[in-house]
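You will see chain A twice below: alongside chain B first, and alongside chain C after that.
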Partner chain A sequence: MAGKTITVAIMDAPYESANSTTALRIVQSALAKGHNVNVFAYEGAVNLTMKAQAPHPNPVKGTSAEQEAHPTTKDWVASLFKMAKDKGVKLDWVNCGLCVDERGAGDWVEGPRRGGPKDFLDASNASQATLVIPTK
Partner chain B sequence: MAKILNIVETAYRGTIEEQDDTVLWLTHMLKNAGADISVLLRANAVNYACKGQDASGLSFGDAKMTHPPEIDKDVEKMIEKGVSIYVVEEDARERGLGDDDLLAGLRRIKRQGIPQLIDEHDQVWHW
Partner chain C sequence: MAKYLLIESRDPFDSADSQYFAELIQGLAKRGNEATVFLVQNGVLPVRKGSKYSTVIADLVKSKIKVVADRFSLKERGIRQLVDGVDTADTDRLVDLLVEPGTKAIWH
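== the complex of A and B ==
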């Protein structure tokens, strides 16, 4: 079963819905089982990898950013890239270029690359399964 | 080549800001890239097949939107390009859309026909 490739298309912007976490959990599970994963980040999902994301404190709880250890999606994605490297499998993360431009979201953590719908089609054609997780 | 069915359920998802429907746009791009792809419009997205849509006139202060989305024309162009566009009849009827309201060239399908349509495709993406 190991060594297959899946493609996941995601749309949601980070910190807005459970879809982002669900998508990343699916990616992680596939990588952990030794599968290659292609991600096509479409529309708001290109913000998942923005380098400028920063943890913040929680004034309701009175905790500092350090105490809160607020997670950022860019750190999660960076960690998935490290995990793929450690496992010897491939994580190919494509941020839709036009979506990046309209959001000014071009500064990413290391790993993702700029692409477009054809990359998604090529990835899907080279995969055993494709899952889309759209914004509803 | 895999036969892809894009099922579009959510309608008018950022269409003003994007000047189009993002999934129909993606479908069009994938078709241009050589994909064998069809679209099934269901639930509120059946309205994309309604003729004569007009989203013009939006402005915020001096900022005027001069190129509003024209979803119906986008659907027409996709049909011209050879993309099969299916519409769930019951969903259209429930929303008051009769045959005269809908674009030419659509493929009408009843709900009970959806499993067969899905079975005819290798990939089904539900947006």
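== the complex of A and C ==
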């Protein structure tokens, strides 16, 4: 069943909800199976791709940032773009422009583009499956 | 007959509306629709044998509704003993279910 197109809409900001991890896992599985994936990042989800994200140490445990090896969502998204390239499939990641401006979240890892809700509608209409993951 | 993929990420201990979601699933199945439930995140909590809300899951299984629990979510929560009839899978399976022709996916 490879070669289909899936559209996923996500809204949660990073590091707040398990929804972010699950959404990224779904995108990863879809790409690994050879599907094209459209992601529409809305509201707080536009922060997932912010380049300035940095892992941090844990002062309670006295461990360094390197020892903690916290995964950042921007690294995860970057790895998804690499995976798509390696697999020869398309990952089209659209960050809602108004949401980006509100949050000052415009400096991204390489790959995402700016867009709006119309992009989500167009992507959904051109997809075999659409999944909307709303905030709680 | 329509095909539904219902993804439950909430648990009844935290979200009272998860019971309505189970009722929705039962209602869809009773009307002759094909319904598959994929439990993820805290949505897997009721599949633990002995859990207060495990009867909700057992009722879905009894109604011939396919119930699948996300292995990653189960492992994170240390859940090993599941309600009889519940299948386990990773997000690969979720993607397969999602792209089945005619499937309507609803996330809760």
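Quick notes on this structure:
One rule holds for everything that comes next: the second predicted complex is superposed on the first by the 136 of 136 C-alpha atoms of A that agree within 3 Å, B and C clash if a C-alpha of one lies under 4 Å from a C-alpha of the other, contacts with A are read in each partner's own complex, and residues count from 1 in each chain.
Simple rule for what comes next: a contact is a pair of C-beta atoms (placed from the backbone, for glycine too) under 8 Å apart; a residue touches a chain by one contact, two chains touch by 3 or more.
Computed from a predicted structure; not experimentally measured.
When both complexes are superposed on chain A, chain B and chain C fit side by side without a clash.
Shared-chain residue A:P134: touches chain B and chain C both. In the superposed model, more residues of chain A are touched by C than by the other of chain B and chain C.
Note on the composite model: angle chain B-chain A-chain C, taken at the C-alpha centres, equals 60°, rounded to the nearest 10. By the touch criterion defined above, A:A18 reaches chain C but does not reach chain B. Touch criterion not met for A:E68: it reaches neither chain B nor chain C.
With both structures placed on the common chain, the touch criterion links A:G116 to chain B but leaves chain C unconnected. By the touch criterion stated above, A:S124 is placed in contact with chain B alone, chain C being left untouched.
Remark: least CA distance from chain B to chain C after fitting both complexes onto chain A is 6 Å. Looking at chain A, you'll find residues 130, 132, 134, 136 touch chain B in one structure and chain C in the other. Chain A meets chain C in the complex at residues 1, 4, 6, 18-19, 22, 25-26, 28-30, 32-33, 35, 128-134, 136. Contact residues on chain A toward chain B in their complex (touch as defined above): 9, 11, 42-43, 116-118, 120-121, 124-125, 130, 132, 134-136.
Across the interface of their complex, chain A is touched by residues 7, 9-10, 15, 40-42, 70, 72, 90-92, 94-96, 98-101, 103, 105, 107 of chain C. Residues 1-2, 4, 10, 13-14, 22-23, 26, 29-30, 33-35, 123, 125-127 of chain B are the ones that touch chain A when the two sit in their complex.
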